[in-house]
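Following this message is one structure expressed as structure tokens.
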């Protein structure tokens, strides 16, 4: 099985971090390719960033289809270009936000999403509503750190995640925490031990779901919402 | 007052049609500019089309801000790039889908959206949910015509709109019809007379709301969801 | 264009305040008439007050229809008699609550309604749900002032609005504030500057929307919900 | 226990019919008074009708409070003036729509409301949403008969109810039928036998709930939504 | 009329307490039988407890049907086995949670449920959503006491209820309080006086509703959701 | 990895069918145990059936915990005992309904559930609402076949599935079909080819998700909703 993981930003460091984490959890027989969008912004923090990244994401999705991959994963927690990618793709495309929130919804009463910056809270709330998962949302809480800071300062990031996560559990009734930024990848198990709850790292969870679904030959439906554009 | 209307596709014909209609309804003192996105697809029929149009839309929104416009209207009934446009804009940006559906929600119990092609029905349903207007939706119904066909064959389009509208009223309980494609611009009043209901042409309604809001100096909130990106 | 603005209470002072504000923002060609319901309570603070005001509101709506007005605006933030008024009216009737909340819903992620008294918070929450706009509501917050006090003590009212608005923004995530009482008319722009957010004065926003919709000949649908009673 | 049942219209025939039905089911010790609103329309078929009836309803509610009644029931299936009545009443006020729909919601998966005229379907749908019971609604279906016709032609009414009820069960999945007009009072048990489902006559069900709640001394909360107006 | 009240746990003390309370409020002509499930856990505090109690509940429901009872009430505030009981029962079966929450929904804007232990809050929230009453819920608040403690320490329980109820009213906007545990039976009127709000004791309210509905011959619909199993 | 799959009914044939299907798709290194509940009904078609099966399900879940399994799957499309099972289990417990519906929600706009018998449609609709996935539901459609018939008559079952599925796609807008009965296991890929849509076999999809989540060490949260009962 061949899986292409697209990091929609242009950061080589984050791309490498994703690859390192996934190499540690992929099944031996899975062939992993992690790529970045070279002409995208170094971090996806706004809708403008996402808009700039999408054309590059779509190029890579086309490439994955042409080169015989089995699955594509868009590895940014705003699922940039997911709908368009599914339109042009015959192979399964998963976004780490959609996938991890569905899994989070199964593992406890309500989940809290941790997101880097406070002004992105409304966007995340809208994304959850758009996914039809509003009833499973305890809250969206911000770390008060940029994506770049979460990459650059792992200790501060980890400490901050702990503080915010504790508030989510005690004040919002969260039973599951979703680390809403690819830059937080790798902290899940450590945080989980300290707080005694379930913490979801979207990239790795999505990767495991992708391996499973692809093994069954499951893809997104091409009937209407994600129908192949006639002119492509 | 200066209003820039962006036709997010590259069709000069549709751009002219929009201009012609708006010239007929604008207030004398309003200065109107209608522009198209030259490197966009000729029609926005898929998420891929929208993704291709957005960078050009954003360029024009920046231009409108720099050149002292008072309002920008994105004149395509999928509001491509609306969120990103509001992020980078200090002046009011309105999308014709969001605006016309809010107005439709005030004028009757439920509205039906007419959309060109059947496989886009799910996308429209998701858009309405995303806008938080799901309770006002009677149905989305497809004409079974491409955007290009609605432009090329006005008589067939008008007849087809009448048939589908009648079904919406009688079977779905629609009290208001929203012509969900810029290519249908100009049919509203004629259809309305024939069916005895309220028909909304999104472009013109949005234009009138834009004139009114701009006159009051109202803009979208820049506090969080549409906060100006720090690096722009 | 002729617009009749009905102040559903009997207060001459509030009626004059509404007129003064609207004279300052109406288009030159708009003919404005502001009237009050002489046999209504001096302020609409309860459902009983509203019930007492409605017959007088309906009389005025009939008069507006007979005398050739183009639009009627019911200028009290509980939209008393709006449904009944639309039944008997062939011309467009707008309520300032319904209209301003739809506009508020377009200008940011969620809005907060400021209302005079704490025990009216449940009523406002129900009104928003009834309008199908529940997903756009951040909160309803009370000033702790009667309608009469908001009229009599403008400085105290303004200061109190600022305090409550700040809490709405910081604790409830409000991006838009709606001044939910006609008595607050005129404070919007000053408050907006101080808090850096969007503040909506329902009377003036509704007036501008009314001018725009009427110019397009738009009215509420007479098909079912607002059908003309057979015996009128 | 003393119960005042207010028929909000002015029809002596309907008032007598309600009295006759309730005399047949009331407990021996319950003292029943059925009154009509003399200056109301003869039937409540529109919002305008309701607005005209409400002042008279409120007069009677005040009277019931002054004369030591234990409960007031507003016996019209649009609950005209229910909120205002609860504001001014220290004793329990029940509306037959609200009460019967809550009971209907307990007795099966979804209920259908039968209403006299097709153009009132949207109003009923909004009422159900306003009550927060939208998830229990299978459908609202119209008989195509005026309130007056349902009174004047019992056989035709019964036959029509049967036809529409059958469609509600087979096409909409209704498990419970609510006879949404006081004029249908008395058909419930006969229809139920013929269709093998549960049919709710709002007047009698509400009367029985009223007896039970009043016996326990339960009233509506006077804390906020129905707080006593300060000036009454 | 004969009513069987099933206490789904095995506690003789709680069974007696329920009987004592109901004997004080039943109508003279009502024949009351209160039974417990002898092989159930002594208190129903978890889903596992409920699963263990259900077979015994169903045995008693069958017995009530065979012995000519008119109603069965399942007197535990998680309605254990309610759906299954209704399947096998031709006579009306009411659960105290479902019934009391519908009544609570009529008596004020929103209700708060008091529940013994904090970790059961999510379960109650899901129950309310399952009943389709989510819009009427102010909050679920925990006493921090086990069911056994609420039985053993009435004074401490009463004091604790007062504290938590006050918080529900002031912080969550509750207008009605539902004592979400059969072990709290009997405190309602005292608490109500102290807080000036409406307090619902689910067992007694349900009992009164049961008397009323049974008098009218109302039962749950046997058409689909609660259809009699073919093999029973 | 060791996975215990519990068939909650007592049918040896269905148990073997499940085992056969899963042996064909499990990873080589996964150790599979499929067990049945010997004292359960031969098919779970009612809430009463489910209630009878649950104690046996819980015994097997305890056994799986004691014997060092990594995951338990409850392989009946009503997830009988899922909540209770998670309470007493430290290892991951998945239900095939909850899991497959979350996956279905990711792969298209809306899904239709096929269920054996018409009178179970309401129950399925309630289950979906209970899972918080109501917005993703296109419809529940019944085959009109008992669970036993679906086992006994595979050709008739397959033909019937095709007919009903076609109606779901064309009339309800389904993009994904969920075969809502373990007895339909194995038809998914064949149906999918014929209809050109995505068909989900809940048992196999859940099995693959289980392998993936267990590999990551993910479990349900034990913090509140599924907290370990103190006395177990």
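We call the chains A, B, C, D, E and F, going by the order they appear; numbering starts again at 1 in every chain.
Note that in this section contacts are C-beta pairs under 8 Å (C-beta built on N, C-alpha and C of every residue); 3 or more make two chains touch, one makes a residue touch a chain.
Bear in mind that the values here come from a model prediction, so they are computed numbers and not experimental data.
Enquirer: Centre to centre, using CA atoms, which chain is the farthest one from chain D?
Expert: A
Enquirer: Specify the chain most distant from chain C by Cα centroid.
Expert: Ranked by distance of C-alpha centres from chain C, the top chain is F.
Enquirer: Given a C-alpha superposition of chain C onto chain D, how large is the rotation in degrees, taken in steps of 5?
Expert: So the copies are related by a turn of 180 degrees.
Enquirer: Based only on mean CA positions, could you tell me how far chain D sits from chain E in angstrom?
Expert: Centres of chain D and chain E (C-alpha means) sit 27 Å apart.
Enquirer: Could you grab the centroid distance between chain B and chain E? Build each centroid from C-alpha atoms only and quote it in angstrom.
Expert: 52
Enquirer: Could you give the separation in Å between the centres of chain B and chain D, each centre being the mean of its C-alpha atoms?
Expert: Taking the mean C-alpha position of each chain, the two centres sit 43 Å apart.
Enquirer: Quick check on chain A: which residues sit in contact with 2+ other chains?
Expert: 108-109, 121-122, 126, 129, 132, 135, 173, 175, 223-225
Enquirer: Applying that definition of touch, give me each pair of chains that meets it.
Expert: So the chains that touch one another pair up as A-B, A-C, A-E, A-F, B-C, B-D, B-F, C-D, C-E, D-E, D-F, E-F.
Enquirer: Spell out the part of chain D that touches chain E in their complex, as residue ranges.
Expert: Counting only chain D, the residues touching chain E are 25, 27, 94, 98-99, 102-103, 105-109, 131-136, 169, 173, 175-176, 189, 196-198, 200, 204-205, 208-209, 211-213, 215-226.
Enquirer: Write out the stretch or stretches of chain D touching chain F in their complex.
Expert: Spelled out, the residues of chain D in touch with chain F are 108-110, 135, 173, 175.
Enquirer: Across the complex, what residues on chain E touch chain A?
Expert: Result: residues 121-122, 125-126, 129 of chain E touch chain A.
Enquirer: Name, in rising order, each residue of chain D that touches chain C in their complex.
Expert: Contact set of chain D toward chain C: 45-52, 54-55, 58, 81, 83-84, 87-88, 118-123, 126, 129-130, 132, 223-225, 227, 229, 232.
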